[in-house]
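So that you can tell them apart, the chains are marked A, B, C and D in the order they are listed, and the count of residues begins at 1 in each.
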Amino acid sequence: MLSSLRRCMSPRLSWRAHAFSPQSCRFTWFILRRSISHQSRPNSLASASVTQAIQHESSHPPKTILIVNKLRTQPVIQAIDDFLEHVRTSYPGVRVFAEDRPDIPAGAEVWRPGSQSEKVDLVVTLGGDGTILHAASLFSLGAVPPVLSFSMGTLGFLLPFHIDDFAKALESVFQGKATILNRMRLSCTFFDGDGRKIGVDEDEWQVMNEIALHRGSSPHLNTIDIYVDGQHLTEAVSDGVIVSTPTGSTAYSLSAGGPIVHPSLSAVVLVPICPRSLSFRPLVFPSSSSVTLRIGDRSRAAAGVSMDGRVSHVLNPGDSVTVQVSPFPVPCINRSSISEDGSERHTEGVGPGKEDDWVRDINNLLQYNATFRSKALLRYSRT
Amino acid sequence: MLSSLRRCMSPRLSWRAHAFSPQSCRFTWFILRRSISHQSRPNSLASASVTQAIQHESSHPPKTILIVNKLRTQPVIQAIDDFLEHVRTSYPGVRVFAEDRPDIPAGAEVWRPGSQSEKVDLVVTLGGDGTILHAASLFSLGAVPPVLSFSMGTLGFLLPFHIDDFAKALESVFQGKATILNRMRLSCTFFDGDGRKIGVDEDEWQVMNEIALHRGSSPHLNTIDIYVDGQHLTEAVSDGVIVSTPTGSTAYSLSAGGPIVHPSLSAVVLVPICPRSLSFRPLVFPSSSSVTLRIGDRSRAAAGVSMDGRVSHVLNPGDSVTVQVSPFPVPCINRSSISEDGSERHTEGVGPGKEDDWVRDINNLLQYNATFRSKALLRYSRT
Amino acid sequence: MLSSLRRCMSPRLSWRAHAFSPQSCRFTWFILRRSISHQSRPNSLASASVTQAIQHESSHPPKTILIVNKLRTQPVIQAIDDFLEHVRTSYPGVRVFAEDRPDIPAGAEVWRPGSQSEKVDLVVTLGGDGTILHAASLFSLGAVPPVLSFSMGTLGFLLPFHIDDFAKALESVFQGKATILNRMRLSCTFFDGDGRKIGVDEDEWQVMNEIALHRGSSPHLNTIDIYVDGQHLTEAVSDGVIVSTPTGSTAYSLSAGGPIVHPSLSAVVLVPICPRSLSFRPLVFPSSSSVTLRIGDRSRAAAGVSMDGRVSHVLNPGDSVTVQVSPFPVPCINRSSISEDGSERHTEGVGPGKEDDWVRDINNLLQYNATFRSKALLRYSRT
Amino acid sequence: MLSSLRRCMSPRLSWRAHAFSPQSCRFTWFILRRSISHQSRPNSLASASVTQAIQHESSHPPKTILIVNKLRTQPVIQAIDDFLEHVRTSYPGVRVFAEDRPDIPAGAEVWRPGSQSEKVDLVVTLGGDGTILHAASLFSLGAVPPVLSFSMGTLGFLLPFHIDDFAKALESVFQGKATILNRMRLSCTFFDGDGRKIGVDEDEWQVMNEIALHRGSSPHLNTIDIYVDGQHLTEAVSDGVIVSTPTGSTAYSLSAGGPIVHPSLSAVVLVPICPRSLSFRPLVFPSSSSVTLRIGDRSRAAAGVSMDGRVSHVLNPGDSVTVQVSPFPVPCINRSSISEDGSERHTEGVGPGKEDDWVRDINNLLQYNATFRSKALLRYSRT
């Protein structure tokens, strides 16, 4: 059973949950729940576990690494070269993949997403938050390998490591010391007005931040009927509607007025964009909920769909999208993985005030609750 | 252990209001989890389960009922008399308790809260939302018996049943058909400036809506340091701060600008009251988080503490309160308990669009997203 | 001097301000101020008067009427026919114009906007708020004649009269009893990156609601530098920015989170659309302010410009628009014009709680402050 | 007529408006309007002028100065001594007053507020924003002399000058070069349930920031009926309601969610405090409006009244307060008064982007629109 579970969760992963850690317990349990999820409703306990941070102790270290980058600026090119060289000398035998692009780095093999793709044990991203979003989108059909993300200097909510620390970070991964925050994803299924699925199963979309419906450049508002677990919640007359993960709660959802939700919570956030209503307030649902957005039959505008910022479909009146928690979260390797005093942290887990630097991020990146500077000692009348 | 776990998760395992009931089972499991929480971190799965809705099938029907009311208006007095009469004739042998007040109804025995109190199998409330809050506060030291709440005609978020339906509702409970939404509580522990606990264990406070700190009638703002899991999050200079349950998210927290959180989610909402900051946004944490509010040493005002609307302590500079999920939720009997087609609902569970009428409530009670009436066909130029 | 003033305000209007009313006083003064406005800064007192309600007593009744409609539904066609018939019989000699469209009503002469256009003494609109916006846009080069607006049954903020009351409303106008709320407009001038004006003077845009810059269907946020009176206020990284009149404060600005500003106030509202900032709060400026929005040189997206909902230009990085109060408000004939007890109202003027029905509108149309229905006497547990 | 005007506006002031500047024009006009304000309604044009910035050219320099301070910390004591010494030597013959307190500085004469008080030509404040609020409250019966405010180092919205610059600032005042921003005040009149005025005329309250009604330490919400110009606007069930000036829009009103309104606009802001409604949006009225707040007859709580932060009355059910623009603004001497290149500024006037440093203040003090720091070049993974 355990093995079937492992298959279910991470078919191409060789990571093994440590038999005696509380996390493996939870992991085991998770798989049990998943295995019975066919006859029962999507289980919110299961999905709760999806976003727990788990310390992995790999039975064997990664054998394949996929490098993901969006930009090919000089610093990125240089960093990739250094990284490849480092892997070659420090972890001989490990294969490195890259996406099939003209600028594929020397020493990397071409990798293509899809059901026939080569097994990836570790994803390494270099760039901004958008690079991780892109990396996650490459694994839209099943489990995502653990993701190790490096910033090129800029700060980001999804960026635990600075590129200068890559050797240290890799070492902690290869030594099986990495800790993970499983960032929940949402899977989206599109239907036309007759209830026929648009696209085939393979086309199912997974988002890490949010799915956003927006009138785009149409001058008119659109009308979107919102259903929760099949029940009509409300009709939104607005610029659009966002369904966001906790991870996405600091992205577009925040700009539209949504609350900040800690990424270890398993929840779905619904936020309207510029609604023609005084009384539309952000909603937070358990992740067991399924949310359907349907373009009203008499909506004056169609709705463009953005998935993690990528424009995808256009939904016309009568079309709809159903959003549910994905069984495949994005396992993001945590900053605490390379902390000096990591030992004690392993028992601590991850939470708002724990080792995931979330508190630091909302303060540093969002300048959360920057109190008015009435006490500053400036002599400003002369400046 | 796994098997016991599995049992306790299983929806229709028989339980009594005490030793053999599904709740006690879950409680048992919960306590097991809690008991290992010394070596592991507070377990969010456990707390997730706390708020799941479960269908009860009691091994034996309630033997004791506690009636709770706040007002003694004529309709309430009449309703209590009818209720007592009904219990006497339909469920002979069932003892009925009431709080020790001068106006205790004839036929009811006096009941006093505390560790020595008589065992209560069922709580019945008559009144508004505040009556349930009060009933829950009577069980601040341990588990709360299932609560069956009747409105006297007014609508309320916590009020599934109209008083006229009491016979039907009681019947469903005695037949073991009641379904429950476990509404999470927060337990609050107070400390003085030297870290000494204020009050004894017995004084631990449990809230169903929220704990609110407020400057009250002081002209000056107070300064509150907010810690999450021991880490300093921010310093709030404001009228006060609210820490709310999902249940409380439609109460004071909503008025202060917080999001609406479905009560089956296990989460903690933090909302400031009139902060002197442009960038204070509501936060939603997993319920495994512990939130500490500490009055700043140089705060210009003390903070009055309100627990579910009852004024309790005053916290002076240096004093603090730590808020954590309570192991003892309030099991609220659901409206779906008396629905005709209850049979199929059993497999459905409870969620935003399911049988808990939450969608109906936010639309009817909060007038959620009342869209502008531009389409009304009124001939108003003459009125 | 009075005559020069009259020319300035309403070059093609034959309406005369009553010599001895306080309003005519103000009117006179307004023109005086305008006439010296060349050598001094735009005067906020003047613009204050722009939005005052003034009772007109025409030296002679309207000789020309422009009918404006957008839709040609059966009720609209019928209403126009009735209206034309009524004018023909009740006000013989009055010419009726309509826009140059294939469906021009029989009995109406073609009218084309522009500097050579025929003088219009009265504009009559049939339709929704959008019809008035459109009517106003036909007079973008100078003064707007008084506008008498009829709804076809739907409610609207800019719709004082129901179509069934047209005879009564016309009578009050022809008898010189109409009172007016001058709704401020904003004039917009566009510049390219080199500071060259885009378009010629004739192309100056006037908006009654707002000018909105929006990324439209671009996936990326745009960066807009905002200047007030030439001073850099802030850089907005957002979906866009709205500069609104008080009239527009109940339109898009409201949806984006702006305050409700009474239309008799002479002010400019600045509201961001989904800003990537926690601390962007709506701003209200005096109408003497000039606001410039400039697309940042490194903005990742261009900005589409919407003027009262009509998509017009696209602004590229470096381009800008400067927004100032227009000297040409839209004189909207007030609901109080046809009230029975109009006599005493004349001395009252117009204000939030006065005869402009603004209080009624925000309550009826926006469902302003719809308090939670906790007191409703519903027996809902059975429904 | 000019002289009567001068009496009305500044009965004890010897400041003269320059005869030929546009500002003096406005000033003159203002007085004209005031003089007829007995037979007509409070005139919104007049009040518009109230908040305009005016350059004064005094016919003679100040002969009396009132020093106002709240704290008697060592730096304040020292600063006052230095100030007194400077006046003694540089402006011999000028009398200096101080409030009647035990710690009155040597060399200052006692001054008591009231109708019999000695004429003050200039108020000098030392301290924070609260000190100016206090100074203004000393002139609650009539015109306020120009106020020159010095900060002791802290920043503040109402604090143009640093104490170190006092000599320079005084010089500009004595040379008649000071420019002024007239900050609008609100006057409040209280009535009991029978419509009887509470207190005598002399007790009329003037506020510079806001009047706030709040439930204080009552556990219950209060119910406040809000009327605008006598018309019922809405019933607020909330913690309270704020009626604010544009100056106060950056104070309590901002914390409660209100917009930022430029102080040169003549407007009234209405903001609820934690309303039990999803659809209560801040309102901005013209200053000609009169706003009445009446405690509902069945309000569960009384309302404490705070005027500029000072707790004053308690209003019981049935009691009310009517708020109107005060004829007596607070003429605040502007930062531009001591700018080097002041000459050209004189013709510029004051506005959001002009010489009143408002733009600088909302950026520096409120950290307005502090955009997310995604571009920071921090190497944070090691810190």
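Observations, loosely collected:
The rule we apply is simple: a contact is a pair of C-beta atoms (placed from the backbone, for glycine too) under 8 Å apart; a residue touches a chain by one contact, two chains touch by 3 or more.
All values derive from a computational prediction rather than experimental measurement.
Chain pairs A-D and B-D differ in how many C-beta pairs they share in contact, with the greater number at A-D.
Remark: rotation between subunit C and subunit D after Cα superposition is 180° (nearest 5). Between subunit C and subunit D the centroid-to-centroid distance comes to 33 Å (mean Cα coordinates, whole Å). Centroids built from CA atoms put subunit D at 50 Å from subunit A.
For the pair subunit B and subunit D, the distance between C-alpha centroids works out to 45 Å. Residue positions of subunit A touching 2 or more other chains: 254, 275-281, 366-368, 370, 372.
Within the complex formed with subunit C, the residues of subunit D that make contact are 22, 26, 29, 40-41, 44-45, 48-49, 52, 227-237, 246, 249, 254, 258-262, 264-267, 269, 272, 275-286, 288-289, 347-349, 351-354, 359, 363, 366-372. Residues 128-129, 151, 153-156, 160-162, 164-165, 277-281, 335, 338, 364-367, 370, 372-382 of subunit D touch subunit A in their complex. Across the complex, subunit C meets subunit A through its residues 214, 216-217, 219-220, 238-239, 252, 254-257, 273-279, 304, 306, 309-311, 366-368, 370.
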